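You will see two complexes here that share subunit A, one where it goes with subunit B and one where it goes with subunit C.
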Partner chain A sequence: MTERLDGPQTPRGDGDAAVARGASPGPDETTEATGGTASVEAKPSGTTHPALDDVATGEDGTTSSAPPALATGGPAAAKVSYGGSGNLGPSPRIAVFFLLPAFILLGAWVVYPIIYSIIRSLYDANGGTFVGLSNYGAIFSDSGTLSTIRNNLIWVVVAPSLVTVLGLIFAVLTERIRWATAFKLIVFMPMAVSLLASGVIFRLVYEQDPDKGVANAIITSVHDVFASSSGYPGARPRENDQAPVLVEKGAVVSRQPAQAGQQVLVPLVGMKPEALPSGAAAAKPASAAPGEVAGTVWLDFTPGGGTVNQMDGNEKGLPDVTVEAVSGGAVKATTTTAPDGSFHFAGLPAGSYQVRLPQSNFTQPFAGVTWLGPALITPAIIGAFIWVWAGFAMVLIAAGLSAIPRDALEAARIDGATEWQVFRRITIPLLSPVLLVVLVTMIINTLKVFDLVFVIAPGSVQPNANVIALEMWRVSFGGGGNQGLGSALAIFLLVLVLPFMAINIRRFRRDQA
Partner chain B sequence: MTTLTASQPATAGSAGAPKRGVLSRVVDKLGGGLVQIVLIVLALFWLLPTLGLLVVSLRGDTDNNSSGWWTFFTKPAQLTFENYSNLLASGFTSSFWNTVAITVPATVLVIGIAAMAGYAFAWMEFPGRDGLFLVVIALLVVPIQIALIPIAKMYGFLGIFGSIPGVVLFHVAFGLPFAIFLLRNFFAGIPKELLEAARMDGAAEWKIFATVVFPLAKPAVASLGIFQFLWVWNDLLVALVFADTDAQPMTKALQSQMRQFGTNVDILAPGAFLSLIIPLVLFFSFQRYFVQGLLAGSVK
Partner chain C sequence: MRVKTTAVAAGLLMLAAAACGGQSSDTTTPSGSASAPAAKSLAGTTIEIAAKWTGDEQKSFQKVLTAFEEKTGAKVTYASTGEDTGAYLGPRIQGGNPPDVAVLPQPGLVQQYADQQALKPLSTEVQTQIDTNYTPYWKSLGSANGQVYGVLVKAAHKSLIWYRTPAFDDAGTQPATTWDELIGKTSQALADSGTAPFALCGASGWTLTDLFENVYLSTAGPENYDKLSKHEIPWTDPTVTTALEKIGQIFGKKEFMLGGSSGALQTDFPTCATQVYGQKKAAMVIEADFVASAAAQSGAKIGEDAKIMPFPKAGDTAPVVLGGDVAVAMKDSKGAMALLEYLASAEGGTIWAKNPGYLSPNRNVSPDNYPDDLTKQLAQTIISAGESVRYDMSDLAPSAFGGTDGKGEWKDLQDFLRNPKDVKGTQDKLEADAAKAWKK
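Coming up: the complex of A and B.
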């Protein structure tokens, strides 16, 4: 008997039949009859422990005294029912003894605090004065807490769906590779790691300096591969009155307005010839066709000589410089320079134009993304959250995928459905109970998110990243000292998870019925 | 078959047709190589952050300030255990033992108390049983924030604020709903003939629980145990509120260093890595139970 109960637990065939059962009504007898792996199930919705569910069903089938309720099998088999042949169960007094430790703890540590917090939230910071609902009013009128709520909203909308979609993609992709086990272990591993350690890990990942943070190291090297020639930091005109161009608000502009048919010279200095991109060609005067403004941007510097403001033989043009034709303060046309530094504005309306090289040409090289700044802090922390939870979603969804009856898929294929149609119309609907479980679990998690925000957001940007759970701690313990407002925030958090409480209860009742 | 993927191929043979993924067949036609590459890149994305922490923890301060950790691929000589020996000499070990002193009792107590309650819910009849169990299910999702202020008050009154027992009891109480839920469902599946036979023999209820039911529940207890262990070991918030400096676990000790993140990576990185070694070892040894627990009750 022990073997029978323990045995099926060992192979991890979990969820195989379970999800199918969840999706289609009634247990699939053939799957269960394959014994071994198939008899072990775990239902992601997790209301009855299905492993023994099956054992119980099997037992009832062979025992004539089994009450009819059990003989029907399925989830109902797990429902406890006492047979007709005299109730041998213990008296309720013994039950009290078994339940007492749990109920003392649950009562004093969980239920009583809920009641206490409701009352406490109606009093002021010190608890001396009754203030009615004004703590709740403060939550919804203070701009700090409002942005906290907005951040939580972003979390709830973005993170659970991303985790679920990513888990689905991983589960589908790993179905056919040989090293699926290794992949799953790698992706699943962060679940064992504390959120604090994850936070430290991602503080390192998000370091601003591309020589320290791996995220910016990757981004800057990718950026440099595709856009290495875009910037000329340090390039500038000569600072004298003979120079045809001058600096104005960081941009380089022509001193004299140019008419159609005229040529504009843009000689620049301030950078080394070696720093030019390898594609740069010798600078050539650009001949302006009628009705055209043309010109050349080049490095007007020859080591040991050369004429100022003239293109000497060895001087090279600056490729890919953005050039604007400006008239009356408005940009009329934009172009970029050729490898020899020349540019042409064709088809400009008659008039005089100022040629301008905007500041973006001369900015410092790309130094990566400011992950931990006020603008990106919440997306950055959501990234860490996804890193932690994608494995959870993947494992649950993979269990669901493997439980989908092959027949249904094959039938659809024989009927001529494309793979995408099969996936969209059959797999996804059959998976939907599992997807819903993942989504709901993640929503509850994001509502309560605390550690990651607390650890990853540097102190100065923490107000920008703040979430309700963190604000509750800050207000009550982290220096705020306002336990009235803290209690109100805790109750607010509880109210937010109430719908999921209801979902759990309903799901349990349905499975028991 | 003891690994995560065991869920996949086992049934394929018995089902007749070869098991085929859905999208994977599309992807097959595009070339399996692409999938391999994508998955390798993804695996790197998941691996690199932790690897980075490990390498950073093994590099000297000057190295960490001047170059990226990935330079160790070309210059492995820069690795040193200096950070670890400094950390262990600095008294970090006491927070390690605090973590152990909090986690082990909190795990054992939850299993014991929840097993008793789960047994009562599964196999005893008493008035209001179903209603009470629904209450337990309702408590599954209650955020711990709700209890921080009231329990801090209560601990102050009892004189255990800041102490390890206070932290343990808090973890036990908030671990109970999930534990009772999981074990009750497992117990409910035990064939009732087994219990009836024992009861017919006149065995005391306590004895049936301890000698018949509880031993059968080993897999469920293992799942629950590893979950509770990881949950408590990795907790920060409860420790932040209820553990004072003498009782603080590793998470709180490390958190107090976060403010000077830039300057004390040599403490944070090895500390964070030490704190995650035991969970990782547990995870790799018992991941089967971990996944089972996950599938059995992903509601918390």
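Coming up: the complex of A and C.
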């Protein structure tokens, strides 16, 4: 605004233009007030030079206060400029004419929809019956809707502060590094991706299968470095009474106690033959020497059938399975199976033993984290939100950071303040207006979050991830068909957003003053 | 007062629709088809039809539209509604700018839009076509408040289990004819062989409702099915308990489902077909005929590696549950009625039938037209089953109960998959949600 006002001052003596425009002073002025496209100097048209001079000097001297006055209202601006020459003020009719487009657009797109939503929220699903406030009552009585409010609360508490803190950290750190611009560009890049596309990306990131989801791929590979999963996940005995072994508390145990000299069969199924280790050899019955308990652990499955509970020649043994001989609840001996699946317990005292394959043989491989399950879905989506918005916060905060007077920081450092003290006592207080703007903007953004939740959460956990904006859409259009309740939710959301809008506007005004 | 505000809203939304580049459906566009011969009675007419089909289904349908264009000289534009037809049509109806013809995925929507007076009754010509080509059952599906509004143009056979033949051969097992055989012998053998028997698409709630409907129709019989469809018996009825307990035989066994119930709940519809035919991790997927396209995309040969078994009898009735799309007129234009007449005719159905991914409920479309034996067989079962067929129950319910992601029956059955022991609690929740949805 300032430039627009000041700029035209200089060619004031442009007589031809001034005379030519003099014929229609009104429109010029209105245009100036609303859009600032026309020029001020045209209006005097050679008749009121002294007044104009006053205006010009006045404006030059108070550049900071003049622009808001001009920006906020045409008539006010006109008074400032032409206090003494009422005949040159804008004709109200023309002023209205020029304001009309803005009013129509605002009315059609903002004011009317709000008012209509309020009215609509007082009617039932079909819109025919007045139901008073019962739609609002439904919001607070339905457990599904209440959980959306709870989720929104989590969002508002967690997401904006995390985004702001991360943005602050990025901004402060990048200020000192050499490739700051490149780094900022990369962090800012997610902003270029639409929220919907980000949602699709993160749906894949959070996929449970480590072969597809990068989050679980990282977690499982890190986990496997420290605790490699071994053994035979999924292997289990057949579920029938003829099977010689059965599952007991996760371990596989023999149904009949074994005596010395006896052979124990441990046929297992539930695995593909291809999944056996390459060293596995064809299973052979283990011959038990006198005084020895022996047996075989093997995969009792041949593609296409095979005889149950018998080693069919090409069925392979399970190597390296831990086998325990248990007597009276205590483990008396432990051994592991040979490549053909056979095991021998030599030198056991006489008596009957139960053969047990402890659970550790069958532990499922670590499958990563169920990001898309009911428990973690909201944190997971908030993670995606942070990925998108952290760059935006960083750029805003970095801009604020560069505007901080360096001498204050230097003075503190000279006085012996540590870097942390400088950051804590000087940088942050000086940055607080920017931080607040970022925080409030993010709060508004999180209150109306929709697309990320809609895309990332699978249908089965949508009720757990649901937020007000999504519920509003679902209730009104996405199958619910109840636009009364939907409007009530919309108004509820509006009421939640309003205080933050007010904070932002007040802040903005104060900054202007 | 309501009328007035709606009118203003309509005006504004029309503005919005125009601004958003909505297809103009003026019937007076004189462009194109200048060389139309005299026989082309609708030359110069533009008809807009909205349906949810995409990909191959859309391609097949557009061949029918092309044939119609060549016959009549009209110009037909296809608008995709996306998965959520209601969300697409709702604003357009309110804005007074609906498509000429819309294809609704549920008969329940016929009633809903008829109540909103958004539908135009079918002309006598279209009704004649319906009477010649359809059994009365289908006609009643497209009717509301005593008026015929819609014609079922596309059917989906939902009483099927798709299986992967190599997995069955590997496990040495056979397709089952009864539920007990399916759970006992077939699934157990598959699980023993190291292949998960079922890939469930738990993230897509409608696949669970389809499973329930098949089991329920089979165990409780058609009469109870009709009553439950209309919520004349409560969901706490003992027949529902039986059906849920049967389903619990799958849901309750971790090794029967690929990834257990947690994995199943994260798997949406076409993904489960891919898990069976693409990744070859599971052996069976319980869903309708349209699995064929997903299976083919995964590289399976339909009829060889990918075969179907009729949904096994869980009780006394062999279940045949159908889904289907109902075409309705939203504008009373000549073009709209002509297009509906064409879609209801044997002529249009025959052209459609020659393309993949289509099953006609039209009894005068000869099964010989279908490109593969499998579809021929399906078409035959639908036509011969006649009145004893039942329509997908969840699609007959109010959409707040039977057709909304994360709500009603979808959510309750997903919760049941998560916790299959709680049959009683599931029934209570179903009943509570149903009561709410039917009250409106």
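Worth pointing out:
Rule of thumb we're sticking to: the second predicted complex is superposed on the first by the 281 of 513 C-alpha atoms of A that agree within 3 Å, B and C clash if a C-alpha of one lies under 4 Å from a C-alpha of the other, contacts with A are read in each partner's own complex, and residues count from 1 in each chain.
The definition used in the following text is that a residue touches a chain if its C-beta (ideal position, glycine included) is under 8 Å from a C-beta of that chain, and two chains touch if they have at least 3 such contacts.
These figures come from a predicted structure and were not determined experimentally.
Once chain A of one complex is fitted onto chain A of the other, the partner contacts of A:V222 are absent, as it touches neither subunit B nor subunit C. With both complexes placed on chain A, subunit A has more residues touched by B than by the other of subunit B and subunit C. Once the two complexes are overlaid on the shared chain, A:V193 sits against subunit B while remaining clear of subunit C. By the document's definition of touching, neither partner reaches A:A289: not subunit B, not subunit C.
In the superposed model, A:Y112 lies in contact with both subunit B and subunit C.
In the superposition on chain A, A:V269 contacts subunit C only, with no contact to subunit B. Of the two partner chains placed by superposition, subunit B and subunit C are both touched by A:G459. When the two structures are aligned on the shared chain, A:F477 is found in touch with subunit B and with subunit C. Residue contacts after overlaying the shared chain place A:V214 against subunit B, while subunit C stays out of touching range.
By the touch criterion defined above, A:A346 lies against neither subunit B nor subunit C after alignment on the C-alpha atoms of chain A. Residues 108, 112, 116, 458-459, 473, 476-477 of subunit A lie in contact with subunit B in one complex and with subunit C in the other. On the subunit A side of its complex with subunit C, the touching residues are 108, 112, 116, 119, 123-128, 144, 207-208, 234, 236, 238-239, 269-273, 275, 301, 303-306, 370, 372-374, 458-463, 466, 473-474, 476-482. Within the complex formed with subunit A, the subunit C residues making contact are 2, 5-6, 8-9, 12, 15, 84, 86-87, 90-91, 112, 115-116, 169-172, 188, 191-195, 202-205, 255, 259, 262-263, 265-268, 398-400, 403-407, 410-411, 414, 417-418, 440.
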